[in-house]
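For clarity, chains are labelled A, B, C and D in written order, and residue numbers in each chain start from 1.
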Amino acid sequence: MSAPSIDAPRSPQGGRRTSQRSNFELYSWLFMRISGLVLVFLVLGHLFIMNILDGGVQRINFAFVAGRWASPFWQSWDLLMLWLAMLHGTNGMRTIINDYAERDQTRFWLKMLLYVSAAFIILLGTLVIFTFDPNIG
Amino acid sequence: MQTHTFDVIIVGAGGAGMRAALESSSRARTAVLTKLYPTRSHTGAAQGGMCAALANVEEDNWEWHTFDTIKGGDYLVDQDAAEIMCKEAIDAVLDLEKMGLPFNRTPEGRIDQRRFGGHTRNHGEAAVRRACYAADRTGHMILQTLYQNCIKAGVEFYNEFYVLDIILNEDSGQPVAAGAVAYELATGEIHIFRAKSVVFATGGYGKVWKTTSNAHTLTGDGMGIVWRKGLPLEDMEFYQFHPTGLAGLGVLLTEGARGEGGILRNASGERFMERYAPTIKDLAPRDMVARAMVQEVREGRGAGPNKDYVYLDLTHLPAEQVEAKLPDITEFARTYLGVDPINELVPVFPTAHYAMGGVPTNVHTEVLRDNEHVVPGLYAAGEVACVSVHGANRLGTNSLLDINVFGRRAGIAAAEYANSVELAELPNDPQGATIALVEGLRSGAGSERVAALRKDMQETMDMNAQVYRTEATLKQALSDVQELKARYKNVSVQDKGTRYNTDLIEAIELGFLLDLAEVTVVSALERKESRGGHAREDYPNRDDVNFMRHTMAYKAEDVSGEDYVRLDYKPVTVTRYEPMERKY
Amino acid sequence: MAAVVEETTVPETEVPVATDVTFRIRRFLPDVDTEPHWEDYTIALFPTDRVLTALEKIKGEVDGTLSFRRSCGHGICGSDAMRINGRNRLACKTLVKDLDTSKPITIEAIKGLEVEKDMIVDMEPFFAAYRQVLPFLIPEGHEPSRERLQSAEDRARFDDTTKCILCACCTTSCPVYWTDGQYFGPAAIVAAHRFIFDSRDAGFEQRLEVLNDKEGVWRCRTTFNCTDACPRGIEVTKAIQEVKRALIFRRV
Amino acid sequence: MATTTPVGTLYRGGEGMWTWVLHRVTGVAVFFFLFVHVLDTALVRVSPEAYDLVIATYKTPIVNLLEVGLVGAVLYHALNGLRVILVDFWSKGPRYQRQMTWTIAAVWLLVMVPGTYFMMIHTVEALFGSTP
């Protein structure tokens, strides 16, 4: 037919590939929920302490951080929060890319960019928490 | 133009078509051509149930069912066919269950059954629970289940292909099926489907009337195509008007509502059916109930501002029962009339519903070309066909049964025949007539509008050829229809495009409707008696001496080349039930 | 041809009056148009008229090229899903009185499937997804001679999802489906649900295999547009949720 | 084949659709903030001065306002996340999703009103001087 037609967004013209027999999507879906539950405490707690408890952001400075990370409790809190939030956020971003990137190529490269930068941030953050030296400077 | 070749083609993907396809596709190369996506077929609108003497809830047997069918059909039923249907009914229901149909269940987990009009215990003693059902969505479940099983079986569908002609080879002096011509809605292209057998399962033609329970697409294409080929149509004067359509709209409320205990009342609240059918009252056969309702209105006992309807009363039934067993019709009343059946009376009036007549076939579903001879390779099943198991009036639930029993038979017969013969040669220019029809309409510069002609036809049919008829009204209808046919020659199609030209299709469909309206009226004029769905006020009694016979209508040409309807008659097959008075 | 009723016999109450209603319809004729455009039509309608009646009237009396699918006319065949005032509905189940007629009523094709002409879209991808979830009974063991037994409770378990008429209102209201046409979509999942929770069915594993796919149930973000759109009142999101849980608790 | 993009009206989804849109927007916003936040915190490894310098910007009124926005976004995302989890795992969840939506809206307001006060109080004091 030569008549023009309106294209539907990424309609499955060629038929979709059938299942790859993996539970990846299932686990990733579950992970979003479980990590979300844990993050409620970690992130909301973090925000509460940092932003609202006596003086909020005004009292934060190097010394404050140094004091906090002297305690293994806060160290593990922040570490867990970092990992979970980043994995959760990255996985969420992956979904969003899957939704909106129209071409397979675009989708692939966007995801690569996402994974690389996420890995970088996670490693950097971990490094900072572990190797933090309060006596620097 | 494209040409396709199959062993069997089935025209129509309603209950009858898909039941046939399930049988045929496992035996021969089969294609289903349908103008609608299969799940849009009107079988899906059927509500109440499908009868079979399963005896799951009370004593019953297929012989009683046969008797009820014959008596309900006012003895115009071919009794051998009715026997077959009622006997095979049990397996038909069980087959559907095995295919996955979600029937309602008894406490023991068996298929539940309920009462339905005209179905009785021991030859009319009392109403019997015989209708197997899935809430008030039985047809929906049947259609879905059959489609699902067609997917499972890998049946090949050509969706939105309008069959506009059959191809008959007449080389040997008698017509033999050779295929069909179809119009593809998406592209406007004409396709030729060659096949050894052709099964017609195109459903009814309720759109001849204005107030109807039928879908917009029930335009009698199959009957019209066969008719134009010079093949007969049987018993077209017998059309069923279902008592309980939503007043003014025609949307159906199943007889199952009365099966569950619903009562018809007139304006003063009287249960008037007690006067017309003292034994089974509201569960009398449809023709009787419809006439009673019209009678009440005529005698001034109708309700509403125009006193032109009666009430269906469900208010005395427990709300849970209504919600659970009649959920859809409850919603229809709420949506379309703003009436809540739980605590309000529902305005109802008869609505054009079902064609008892149609393409004559024998019990093997082979299409007849006269009283005795069949057209080899041509089959018909479902509402388009007239076997005749419904005679002058179909009992509720017997149609879903009909489409399953005879749909199955058609599928098997068509495939077996296809496997035993060679492909018939195509006649010259098999698509010529169809192209002329399509192009003639598309390029025509007429001034008449399809919608206007259709409206006029429907109005005259509602006025003059509905529940009650007389010589005068029928003559009026006939002259109106003939005038409309003349105007139709000048009809205009505004959409000149090729793709999805529904304007063109509606014009073609109107052509079939007008033909069928004429056949209906002419057949009705000549049947000077009252029987079943055909009630002549000028001849109020049944006349077994002169009219215990089927009408066979043929399209013929008179000396001046004008078309007219030629009538002939065919005897009724009687096996063991002698006609007697029909009292309930 | 209707019978003439004398003025005096008609009570004053409830005599409906026809009023002018404007429809703003998104037209696209593939034979002439390169792009869809909006067009207004004003016709007289009764409050109890269906939108489908209005479309029929416009087609019959004003512009025969207006194209849409329809069949049953009362919400049972699923032909006439379209976007009415921005929401997916069946034209035959939407009454004029339930819409705000002070503004034009907008009508356009459902979203996410290719528009072929006016309100007609290509339904093939929709049915293809349906076919992929194995929407048929996969029984276990050999056939019994009579019916398979099923308790009323077991029958009730999947009643809701048996009501589906495959109208596509749900799938084409789903934001995920709009952008990712590969997603099976709610209607297909509803079909799968109908069989997964049927006590007579033994195809659980096969069906779950399909739904566990990358484009299967996990794609659903519980936006509830499907549930809101379903003309049969099916709790679509709930059905999807039940399938998700079935996947997790039987396989994890 | 594609010649034009369809420009129809906006789909008029219900609460469910809009809560999802917001969830997505807040999720993305928080994700990008987290990025920046890890980077700025990493400055503690560089020198206390560098860290304090960056942190000082957090204390400016404008960034403080953004800060409130962030907390609002995280809070909404968390609450709606809980709603989504309930929809997924509580069998009555889908039926009560609307009620849950209004509940989280109420909770969000209940937390954010005093929260904003506490977060902004210092800024307000710094800008206009503390009230005696």
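Before moving on, here are some points about what is shown:
Assume contacts are C-beta pairs under 8 Å (C-beta built on N, C-alpha and C of every residue); 3 or more make two chains touch, one makes a residue touch a chain.
The structure presented is a predicted model; accordingly, all values stated were derived computationally and were not measured.
Interface comparison, B-C against A-C: more C-beta pairs in contact at B-C. The central chain here, found by comparing per-chain C-alpha centres with the mean of all protein C-alpha atoms, is C.
One inter-chain figure worth recording: chain B and chain C are separated by 26 Å, centre to centre, where each centre is the mean of the chain's CA atoms. Note: centroid distance chain A to chain C, computed from Cα atoms, is 37 Å.
Centre-to-centre, using mean CA coordinates, chain B is 62 Å away from chain D.
Centre to centre, using the average C-alpha position, chain A and chain D are separated by 15 Å.
For chain C, residues touching at least two other chains, in rising order: 30-31, 34, 36, 115-116, 178, 244. With touch defined as above, residues shared between interfaces to two or more other chains in chain D number as follows: 3-4, 6, 84, 88-89.
Residues of chain A in contact with two or more other chains: 1, 3-7. Within the complex formed with chain A, the residues of chain D that make contact are 1-6, 24, 27-28, 30-31, 34-35, 38-39, 41-42, 44-45, 47-49, 51-52, 55, 58-59, 64, 67, 71, 74-75, 78, 81-82, 84-85, 88-89, 115, 118-119, 122. Those residues of chain A that touch chain C in the complex are listed here as 1, 3-13, 15-16, 18-21, 23-26, 28-30, 98-100.
The part of chain C that touches chain B in the complex is made up of residues 1-3, 5, 9-11, 13-15, 29-32, 48, 50, 56-57, 59-61, 63-65, 67-79, 93, 95, 116-118, 120, 123, 127, 131, 135-137, 139, 143-144, 146-152, 155, 158-159, 162-166, 195, 198, 200-201.
Residue ranges of chain C in contact with chain D, taken from their complex: 26, 34-36, 83, 85-87, 106, 108-109, 111, 115, 173, 175, 178, 221-225, 227-228, 235, 237-238, 241-242, 244-245. Listing the residues of chain B that touch chain C in their complex gives 36-37, 39-42, 44-45, 93-94, 97-100, 102-111, 134-135, 137, 140-141, 144, 148-149, 151-152, 186, 215-217, 251, 305-306, 328, 332, 335-338, 449-452, 456, 459-460, 463, 493-503.
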